[in-house]
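Look for chain A in each of the two complexes below; its partner is chain B in the first and chain C in the second.
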Partner chain A sequence: MFGSSDLLILVVLVPLITAYFLPLCGYIRSSLCNLVSVFSLSISLIISLYLAKIVVLEGTIQYFTTGFQPPFAIEIRADQLTVLMVLATILLSLLTVIYSRYFIRGRFTEERKGLYYALILLLAGGLNWFIIAADIFNMFVGLEILSISSYTLIGISQKRKAIISGFKYLLMGAIGSSFTLLGIGYLYIMTGTLNFNDLALRIIELNLMHSEAILASLAFIVTGLSIKSAIFPLHVWMPDAYSEALVPICALSSGIIVEAAVYMLIRIIYTVYGTKIIMEIVPITTIFLYISGIAIILGSFFAISQTNIKRMLAYSSVSQMGYIILGVGISTKLGLSAGFLHLFNHTIMKACLFFAVGGVVYRKGITEIYEFRGIGKKMPWTMTFFSIAALSIIGVPPTNGFVSKFLLAYASLDAEKWFFAIIILISSLLNAVYFFKIINISFFSGKKEEEKDIKEPPKTILIPTGILAILCIIIGFAFPIPLSMIETAIKSLIT
Partner chain B sequence: MNLSFYLQHYNYWICVSLFMIGIYTMIAKKNIIKKFMGLNIVDTSIFLFFISMGDKRNAAAPILHAENEIIVNNYVNPLPSVIILTAIVVALGLTATALSFAVKIYEEYGTLNSEKIERLW
Partner chain C sequence: MPADRWEDVIAQTIARLLIPMILLYGIYVIFHGHLSPGGGFQGGVILASSVILYSLVHELDQATKFFKKKFRVILEPIGPIIFAFIGLLCIFFSGNFIQYSKLPFLGDKEMAAVSITIIEAGIGVTVMAMVISIFFSLGGRNR
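Entry: the complex of A and B
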């Protein structure tokens, strides 16, 4: 009766339902909110771990809402890649909620704390909905839930500028959503269905490969989801949004929201349109290849020229998104799995970097790079975690960033696109320039001022940072586990 | 593809022009509320696009009277309308968020003109 496929819907329902009780909790007792959110996300984490076990052992899980068979029912499904994304989402949301316990103290009134946690849980539920949807319209609804909660979370910071940056993000994101919806309309008008697999079948059955409407839908959906995932020419909302938002929200947004959007983009272009359309009729993978090359180099250059550390990390994210779509651009099985591995690694590394910066912000309230002078001696643990994640982004072995960058370079050599292997090397050097600058300033150049009251941030801030930093190293050794899961999923994605 | 083909499908032309008007409003108008109105015009054009694609000439609403005689051509396609019902709710949520942003911006900056806000930033 209550089979394993029913558990799939619970990863959406548990955070979403809890989110509606949290404002009430905030009115009764605001300290309860954090515990309730941690409890709810822990349950989701256990469920998603169990799901991961089932998916690895038994294969893809499907769930139909109405009891009909698809395409008439609304379908959600989880293969190994989806389960990894769900795990990453839940883990990062859980760490963010734990992290926020002390971080938001004094930044919100007691009643507002409930609303803050409610938005984070809405975001987690919307993300899971977006990730596990196997139906293009449900994907859109999940996208909107996560977008609306992320606009609000970006704008919720107490700073004056945050409202404007949230407003800019909202305008850009709303255009992205409208484009996606229009693309869905074009797909529906031509095929009469919304289910991913059924769409793929109907496009071949009705011989719509060269139809202009299908190609228009491809253009709209790719543009819409590229805005959401901050792929290079459409990244302009990201540095503004991150420089003003609260640090946990930056970590969540940079760590999982843009990743989820790019994951869905890749899934749609491969499952719905198929390799023939995206490689031969419209060479969208080639376009992605060149865009990724420009994004990797220009993102690193922009990052070097920043003085605000949060803006620097945002531009670094632009560059890292370039690596992920480089995997699409190479468009071999190896390249795509390396890109996805980099996606998960980026989730861990970038969230760790933002968390570590947040620890410094919590104690000193600084975000300018030159003010980091001597921080490493006052907060050794925080800056050690920062350095581990920074080395990981640069790609120093034995961290996880090294593995995925190496695999990407290997895949591009394997596909005889050696130029992009050189780009990866150059970009690693550029990454080293801006990260070593911070490590150098914070550890080796401190005798300017002697402030006695600066010490390590509280444990609820330190421990999530530490967990992510340790994960960076563990995955550097244990990368075959996620890689084999990704490869299994990609075998069915590329046919 | 002759001219009459394009003229018969005038409903899509209306959608396209509304979409363009909306995008133009979002880009060109300086007032923040007008930008949001442009956003709503864009959304409305997409809703019209969905509704008009599900419509048929001389067809009724898809309410089932007798189960044994169903002529599909007598009923409009219900799925686009259902989809749009959801999308309208989503757009409502988006507009509510946008307007609450506008209220906060007016409280903080005392103006809704986006150029003046850029200068105050």
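Entry: the complex of A and C
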């Protein structure tokens, strides 16, 4: 019967199997799709919460499909960091599905609704598979499942521009995937294995530290996954894709897909290649350090110059990915855990921002910033949630953004890289410039009398936004819980 | 014969002879997949190619009569669902995911062969429906 470690595979299978049934539900009754997907993701949420409890109490879970021992079987593994990622994925997908109930009404045909929810569940299942894989090829399979469903979701509204931007995203994403696959190929040729731990062992055993093929594989995998995670010079697909996509998809993509890619990038460079290769032979961490500095500042400047709010949030994501990469660049335990904490905080903050913007889009259909004049008086709750998340991104206490930014600044001072503490400070001011602009024109300008019919969005849109906004504040106080989980996982990551 | 309708007796007769053989060969490739090169993917494409041949020599409308969209939507998810079901069955009999040897009905190796064949058949059906769907969609008659 089901043991506790079997739950790890169920967290992938429950969304995936439901995804295959959903197009059928769409034929029977399209309103059924939403309920079925909410039900399935709630079950996954319960499973992943239980999994988190087991992992915290009993340590890392390993699971081998087909029952052989690795490296022959496919290994999946969950440590405390992985469990947090799975929880974030499932929570965000569940909120997105609830959010979409009214949001997608009238945007496409009834049959297509089944496809929409099926793709979201496929995305959730693919993400979970990507996150828990301890085998480099299965990681790639998960990456492809999640990428293909996200390309389709960007273009699902069937408007001309949306299809074009989805296609652009597909081209960039396909380049990223092929680079990753090429890197995996080099690794497999040189070592003859695909399991993460086995790869690390073989690279040392066969004395491949200085081999060109291994270094080429490192370059390919880092480039490929950097494209997927929109790290600074490779972020160009992101604003174009978001400006035409539906808002819930932007929230999912910016909230969890790019984060999952960067999480896997960090996991691979630390577990497979090890600190000696990435710090001494090829100074990848130093490169990431300088890239992060440029990304944080330039991302903020680009965001200030945007007039479309979705593009602004996309550039803000570029800047926030810089913070996460800064954690890798500092490459101490403290820096890396601060980076990961910022990763989870960014998931919550950015999804909340997109959800709040989506509320405005649902009622008024506007995305230009100047049109937000006076919105705060008509939709006080939506804009309050927006402001909480915006303050969190700026880094105002007592929100979660403050904690992770403070930890990152502290870590960079601790590693004697004081220059980056100044960059964090400057970037916070720049963030304040573009977010206070929106808060200002939405609350303090415009007249209350005009357009009286504009009111708050329906509760299925308001409540997920509210949950995320409240989480922003709760994690601002309860940050030791995720931080201690991250630190436990990182102790085994950096040896 | 109207001008917009294209019919060729030779092509239709040869297709009528060929289609059963193509189907038979496709099924052979699917069910021999775990012993020789081939399997669900290749066999599924061969099965689909028979339908494509039929729609080339007849009208596309006549082919869509056999494979209506509703029918294809039912066929498409069958493979993954069968795969997941057998995988979960292994967990149910206290094995790991897709650990066929734990299934109780036959011996270890026979059970593995049987379950792989069932999975391959499911994949074959899925791939067939998928390829036909792609062909019909690109044919511009997505009804």
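Everything that follows uses one rule, which is that the second predicted complex is superposed on the first by the 491 of 495 C-alpha atoms of A that agree within 3 Å, B and C clash if a C-alpha of one lies under 4 Å from a C-alpha of the other, contacts with A are read in each partner's own complex, and residues count from 1 in each chain.
Quick note on the criterion: a residue touches a chain if its C-beta (ideal position, glycine included) is under 8 Å from a C-beta of that chain, and two chains touch if they have at least 3 such contacts.
What you see is a predicted model, and the numbers here were worked out from it, not measured in a lab.
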So, after the overlay on chain A, do chain B and chain C clash or fit? They fit
Practice problem: Please work out whether A:I17 is in contact with chain B alone, chain C alone, both, or neither, and reply first, second, both or neither. | Solution: second
Partner touching more residues of chain A, chain B vs chain C, is chain B
Of the two partner chains, chain B (first) and chain C (second), which one does A:F167 touch, if any: first, second, both, or neither?
first
Discussion item. Taking the superposition on A as described, I'd like to know which of chain B and chain C A:H210 touches: first, second, both or neither.
Written reply: neither
For this session: Kindly classify A:T66 by the partners it touches after superposition: chain B alone (first), chain C alone (second), both, or neither?
Result: second
Which of chain B and chain C A:I189 touches, first, second, both or neither | first
Taking the CA centre of chain A as vertex, the centres of chain B and chain C subtend an angle, in steps of 10 degrees, of 40
Overlay on A puts the nearest Cα atoms of chain B and chain C apart, in Å, by 7
Footprint intersection on chain A (chain B / chain C) at none
Note: in the complex, chain A contacts chain B through residues 137, 140-141, 144, 148, 151-152, 155, 160-161, 163-164, 166-167, 170-171, 174-175, 177-178, 181-182, 185, 188-189
Touching chain A in the complex, chain B uses residues 19, 23, 26, 32, 35, 39, 42-43, 46, 49-50, 53, 79-80, 83, 86-87, 90, 93-94, 97-98, 101-102, 104-105, 108, 117, 121
Interface with chain A, chain C side, in the complex: residues 70, 73-74, 76-77, 80-81, 84, 87-88, 91-92, 94-102
Contacts from chain A onto chain C in the complex sit at residues 1-3, 6, 9, 13, 16-17, 20-21, 23-24, 27, 63-67, 73
